[in-house]
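See structure below.
For clarity, chains are labelled A, B, C, D and E in written order, and residue numbers in each chain start from 1.
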Amino acid sequence: KPGGSGGSAVTGDTIKVGANYELSGAVATYGQASVDGITMAIDEINAAGGVNGKKLEIISYDNKSDAAEATTLANKLFTQDNVLVGMGPATSGNFKAIIPVANKNRVPVVSGSATADDVTWDGSTVQEFAFRICFNDSFQGTIMAKFAAENLGASSAVIIKDNSNDYSKGLADAFTTEFENQGGTIVTSEAYVAGDTDFNTILTRIKGQSFDVIYLPGYYSEAGLIIKQARDLGITAPFLGGDGFDSPTLLELAGASALNDVYFTNHYSSIDEDPTVQDFIKAFKEAKGAEPSAFNALGYDVGKFVADAISRASELTGDAVQKAMAETKGFVGVTGTFDMDGHHNPVKTILVIGLKDGVQDSSEKVG
Amino acid sequence: MTEFLQQLINSLSLGSIYALIALGYTMVYGIIKLINFAHGDVYMVGAYVGYACMTHLHLGFFESLIAAMIICTILGVLIERVAYRPLRNSTRIAALITAIGVSLLIEYTMMYFVGADPRAYPEMPAYLTGSFEVGGVIIRNQQVIIIGVAVVLMIALQFIVKKTKMGKAMRAVSQDPDAARLMGISVDRTISFTFAIGSALAGAAGVLVGVYYNSINPLMGIIPGLKAFVAAVFGGIGIIPGALIGGYVIGGAETLVSSIGYSLFKDGVVFAILILILIVKPTGLLGKNVKEKV
Amino acid sequence: MLEVRDLQVHFGVINAIKGISFDVPAGEIVTLIGANGAGKTTTLRTLSGIKKPTAGTITLDGLDITGLSAQDRVRRGMSHVPEGRRIFPDMTVMENLELGAFLRRDVVQSDLDEIFTRFPILAERRRQLAGTLSGGEQQMLAMGRALMAKPKMLLLDEPSMGLAPLLVQEIFDIIISINQAGTTVLLVEQNANIALQIAHHAYVMETGSIVLSGEAKALAQTDEVKRAYLGG
Amino acid sequence: MSLLEATKLTRNFGGLTAVYEADLHIDSGELIGLIGPNGAGKTTLFNLLTGVYPPSSGTITLTIDGKTEDIGGRKPYRICAAGIGRTFQNIRLFKDLTVLDNVATALQQNRPYPLVSALFHIPPFGATERRIRSESLELLEVMGLAGKADELARNLSYGEQRHLEIARALATHPSLLLLDEPAAGMNPFETAELTALIAKLRADFGLTVLLIEHDMSLVMKICERIYVLDHGIVIASGTPDEVRNNPKVIEAYLGGEEVGNA
Amino acid sequence: MKTLKPMFWRALPFIVAYVVVLALISAGVINDYIFAIIVTICINIILASSLNLVTGFTGQFSLGHAGFMALGAYTCALITMHFDSVFGFALGILGGAVVSALVGALVGLPTLRLRGDYLAIATLGMAEIIRVILLNLGITNGAAGLSGIPQYADWNWVFGLTAVTLIVLWNYIRSSHGRRAIAVREDEIAAEAIGINTTAVKVQAFTIGAFFAGIGGGLYATYFYVIKPDQFGFLKSIDILVIVVLGGLGSLSGTVVAAIVLALVSTVLADFSDIRMIIYSLILVLIMIFRPGGLMGSKEITDTVLGKVFRRKEAKA
């Protein structure tokens, strides 16, 4: 059965785009932050006259952090609201759940933060209508392992991962593989689950061992607490993490004094002189009164990326926009400039950012 | 050895936090047999009130603590009035569902106003954040405070329930509200009082945990609420020392499982331990195994 | 002491009490008898404020108490030994008795002693959980608990139910002595024989209405009562 | 012919000995009373016989159709299956079920049909259900509750509830029926009716009955033999006349005048 | 003939539901979105009615139904992914149900010694243990879960499984086995005294409940493409319980009504993404305050006015 290929997505002067995000439930933080970024981007675009003279209208739904709900809402967006493009969900699992719906209805969908390796390409087939604008887990894990071995001279590491989170496990696995390739050893691997607040037990365990660095591929909400509690316990080893660290909340939670010798892989750096980055940070601070997080920035780029693809599409149909997305070259976003590769993954450089007293102090382009 | 002692401190402070929430929980639970799922959320509100007092009103720790307790008391009594009282005579599961509704309502109303992102408590004075070392074991002042508060509150509550007139009234109401009225006890007032105390405790726990972990968010009440429920039941329904011990057992089991390297399986193993103990002691650790008189 | 006028009680649509009026004069024992389901228990529950009437007035000592809460009625000297005893099962015998004196501020030790002399078995069981008492022991406890309030007006719902014969005598002796000590008693009994022997006045209820009333001893002689309630 | 034999039955609750070395002997077809002061241990004895509490010591044997079984400490449902039915001092009906279903539930202890038959309503489901229904109605008829078959049990008056409990106990096809204060809460007139009914039940169903009762008008009228329990000990047993005139019994239980018989 | 006609009247609502949906699908009125809602309703009906058997009819307070659902979902998904065909799917559904029922019986046996809230904790713990195992097993792919599960569940399957669940549960409850279960709920001591082996009854109810929860889980896995351990957490068990209580403990038709009502509420609220949870929770509280016994109490549709009309027809027939 042919899907609604954007039949009524365009009415008069508006183009409908859908947002299917985690606004409540366990990972509401990521969904809300992404939507904040998206809204900002779309508002900017509309204020500047829209896409080819048409305004973008966001239809936003809350999938309650639930894959089944995400699927149902994807159906609603694609068969009832007939949006031209779908954005989100934020997490890989939920994004994967809607991809079949997108393919079936021939509506392109974009995620800014579905980082699991196999989201758009499982090694044999490309998910035709699914795109993402973030690098994948192995990339981050691999880069950080290299950085640890080469730049920090580390030969032994401890891993603390969020066992309930595939992102965290993905990064940890990639890190392990590369770090061992570089001749290093993983001394021990500890786990927590999202929402935990007390990490003293695993940290006490770690404290008794000898190692050079701690790899902590998790989100700022727990990472902040872990780093703080570790420093309180007298653990001084460097902490390494992924883009999940990128949030002002990390500083709030851990406190400035704890955030020394902390490095994480990220899409961009706030000390980057690039005007795209600085304008975004400035605008975001004005709008929300806070520093942006990685989710904000990625959400913002999702909005911009969608608008860019629509503007380049030969006509306003799902197929045409899909084609435009697949052919993206040199898209300039806050989170980097990239081409879309054949697997619908962006080809991006990655930064390793170092913190000193909680503020970004160094950034190094890798990869 | 040092590591063992350190882990012991860890487990005691973690257990105390569960106990702190479980105490208020078991109290309400013991009196009206309501699994008050909203208790964890009252605790969350307490944490936010404390946060607001400290960051926006620039109040000190104790003033903020008192403020949180007062606001939570009002909130708790209000919830009971509006949502639970109409269900007094219906089944316990119906009341449970209402409590779940109230819990969601508080969580998402809060989230609507403050967003889902965690907030951090401001810097605390040194007497709270400091730490000292005893033979290689680092003990933080907050840990001492939290353990102390939990034990003192347990004793105070036990005294209220067992020795005071109000406490007797509470127990009477829990066993037979109509008969309690025939003794001249005001059932409504007694239940309101119970909620007031329970909620004040939740408020205090919220601020203490906020200070201790430094991180609060609108959904922070769910997991501790659940664990407190488990601790309360595990210790024996409505038995106040049971809540404390239940809290310590869960805290201890979690620490034990993680500290011997099974942090991957932590929650599963902890529940397995709980189930095994319950099978041996089907009415909780301190629950008397009295068979119903036939 | 107690005046009831046109009292009506409903359970949903069921009209359980259909407008009854009666008096309990101060210092007397008045008994209410009637078959199962006649509405005796409901009447007592309404008098003590557990159940709200749909119409009618209840006056205690000249004061209209119809709108008062149960605990206010207790405060005004009303005490109710409910059907089915309703002791607090998870509290000790002692605690149950103490709750009986919940609203009193004066010393109650002497009252406790008095109860324990009346019901020695309760003294033996004072630390036992009330729920594990035998049926008769629970009945004694319920009675003792009500007496701890030092009531002016005592409502008794089938106090002899489940009691051994020896105790039945005793409990009625106690009722008489309580009454002689100045407490007014409204007694609901299935054991109509004794009830009519010890009461001053009696009312007979049938399906929510009072069908007969009069002096207790005289009523016991009437054919209707003999046939329907005395089994002879 | 001996039906039930209990020897040296003892039950402690903590420090309290509720029943102490009680011996009980019941012949098939007898109607026996069990009396004693409040708290003497009568209900506890019932609970031991029906497995609600296991005895602390002592044995209970049941002989039915020449087969003798040791039932001491067995689970209640197995004792029921072995042939002892009971009622409770504090009525324990299935309050939210209809009167008919209360009885029907008891009519099926030996699995009337297999699970598949229940899940798909395939034979012998229909026929068996019809049989259960008609048998239940018969029992209700006997107990004078036929008109109330579709009422919820909780809506019955106290006296009716007591009757329903007996009907439910009868539905388990007991050889020995234990009644715990069946006349409690009934007036003398109703008690007299019940007395006649119990006698009739025994005859019609070929039952053996052991009953606890404080109403001497009932006990003395229909019981052939009476056991008297005091402080958990059997202090006397014998015919109503023997018991009535036993000074120990008078002192412990009956008191001077026989109030209940007035 | 005599027995056939009432059966016809009982089957009527099912036939009507089946035909109407089928017709609307082919007429294009039911798009994928509406169909997804219908599937959600059906899955919720299966899950909630099986929980109702355990909690509503047998009186055993379970907070772990999502655990059984998870077993069914993973088993079905793994089998279907391995044998990618309708036959594999059918095998998957059956396999999921059987695995779930086996675990239900296994866990039920020791834990059903517990009562009330103690049992609730034990079942909650059991579901958590299942979830933690799924999170750490290789075959279940850990936190990322399974994705790309082939979707075989069309209207015939969804309807068929829902109808079978409801009919079988209805039959069970209205049989001597069901009466025993209800007796256990009402009064365990009295139930034992009339010869009911309460443990056996509980284990049976638990096993049957788990069996159908497994079916619900299987359907869920194949319809929604992706399953992850965190979908089967404690909150899922609560969601199912909410449906049961909202419909009325001990009312199968209540469960159906509640599943539909909640889905409608949720559908309407989807358009208010930022306040949907606030409104949803308010509605929940209000319904419970005004209908504490649930929408249907412990009555069935057949006990209401509507049912009377039907019954008259049955009687005439």
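We take it that contacts are C-beta pairs under 8 Å (C-beta built on N, C-alpha and C of every residue); 3 or more make two chains touch, one makes a residue touch a chain.
Source: prediction; values computed, not measured.
J.: Figure out the least number of contact steps between subunit C and subunit E, where 1 means they touch directly.
T.: Minimum number of steps from subunit C to subunit E: 2.
J.: Which chain has its C-alpha centre farthest away from the C-alpha centre of subunit E?
T.: Of all chains, C has its centre farthest from that of subunit E.
J.: How many Å are there between the centre of subunit A and the centre of subunit B, using C-alpha atoms for each centre?
T.: It comes to 36 Å between the two C-alpha centres.
J.: Can you check how far apart subunit A and subunit C are, centre to centre, with Cα atoms defining each centre and the answer in Å?
T.: That pair's centroid distance is 74 Å.
J.: Roughly how far is subunit B from subunit C, centre to centre by C-alpha average, rounded to an integer in Å?
T.: Chain centroid spacing, subunit B to subunit C, equals 43 Å.
J.: Scan subunit B for residues touching two or more other chains and write them down.
T.: Those would be 108, 111, 264, 266-267, 292, 294.
J.: Could you check subunit C for residues that touch two or more other chains and list them?
T.: As it turns out, subunit C has residues touching two or more other chains at 132-133.
J.: Could you list the positions in subunit E whose residues touch two or more of the other chains?
T.: Residue numbers touching two or more other chains: 136, 189, 274, 277.
J.: Which of the residues in subunit B end up touching subunit C in this complex?
T.: Against subunit C, the touching part of subunit B is residues 165, 168-169, 171-172, 175-176, 178-186, 290, 292-293.
J.: Which stretch or stretches of subunit A touch subunit E in the complex?
T.: 23-24, 26, 60-62, 64, 66-68, 71-73, 75-76, 78-80, 92-94, 96-97, 99-101, 104-105, 116, 118, 122, 163-166, 168-170
J.: Okay, in this complex, where on subunit C does subunit B touch?
T.: 48-50, 69-71, 74-75, 79-80, 82, 86-91, 95, 98-100, 102-103, 129, 131-133, 145, 149
J.: Can you list the residues on subunit B that touch subunit E in the complex?
T.: The touching residues are 35, 83, 86-87, 89-91, 93-98, 100-105, 107-109, 111-112, 226, 229-230, 233-234, 237, 264-268, 271-272, 274-275, 278-279, 282-284, 292, 294.
J.: Going by the contact rule at the top, pick out the subunit E residues touching subunit D in the complex.
T.: 3, 168, 171-172, 174-180, 182-183, 186-187, 189-198, 204, 298
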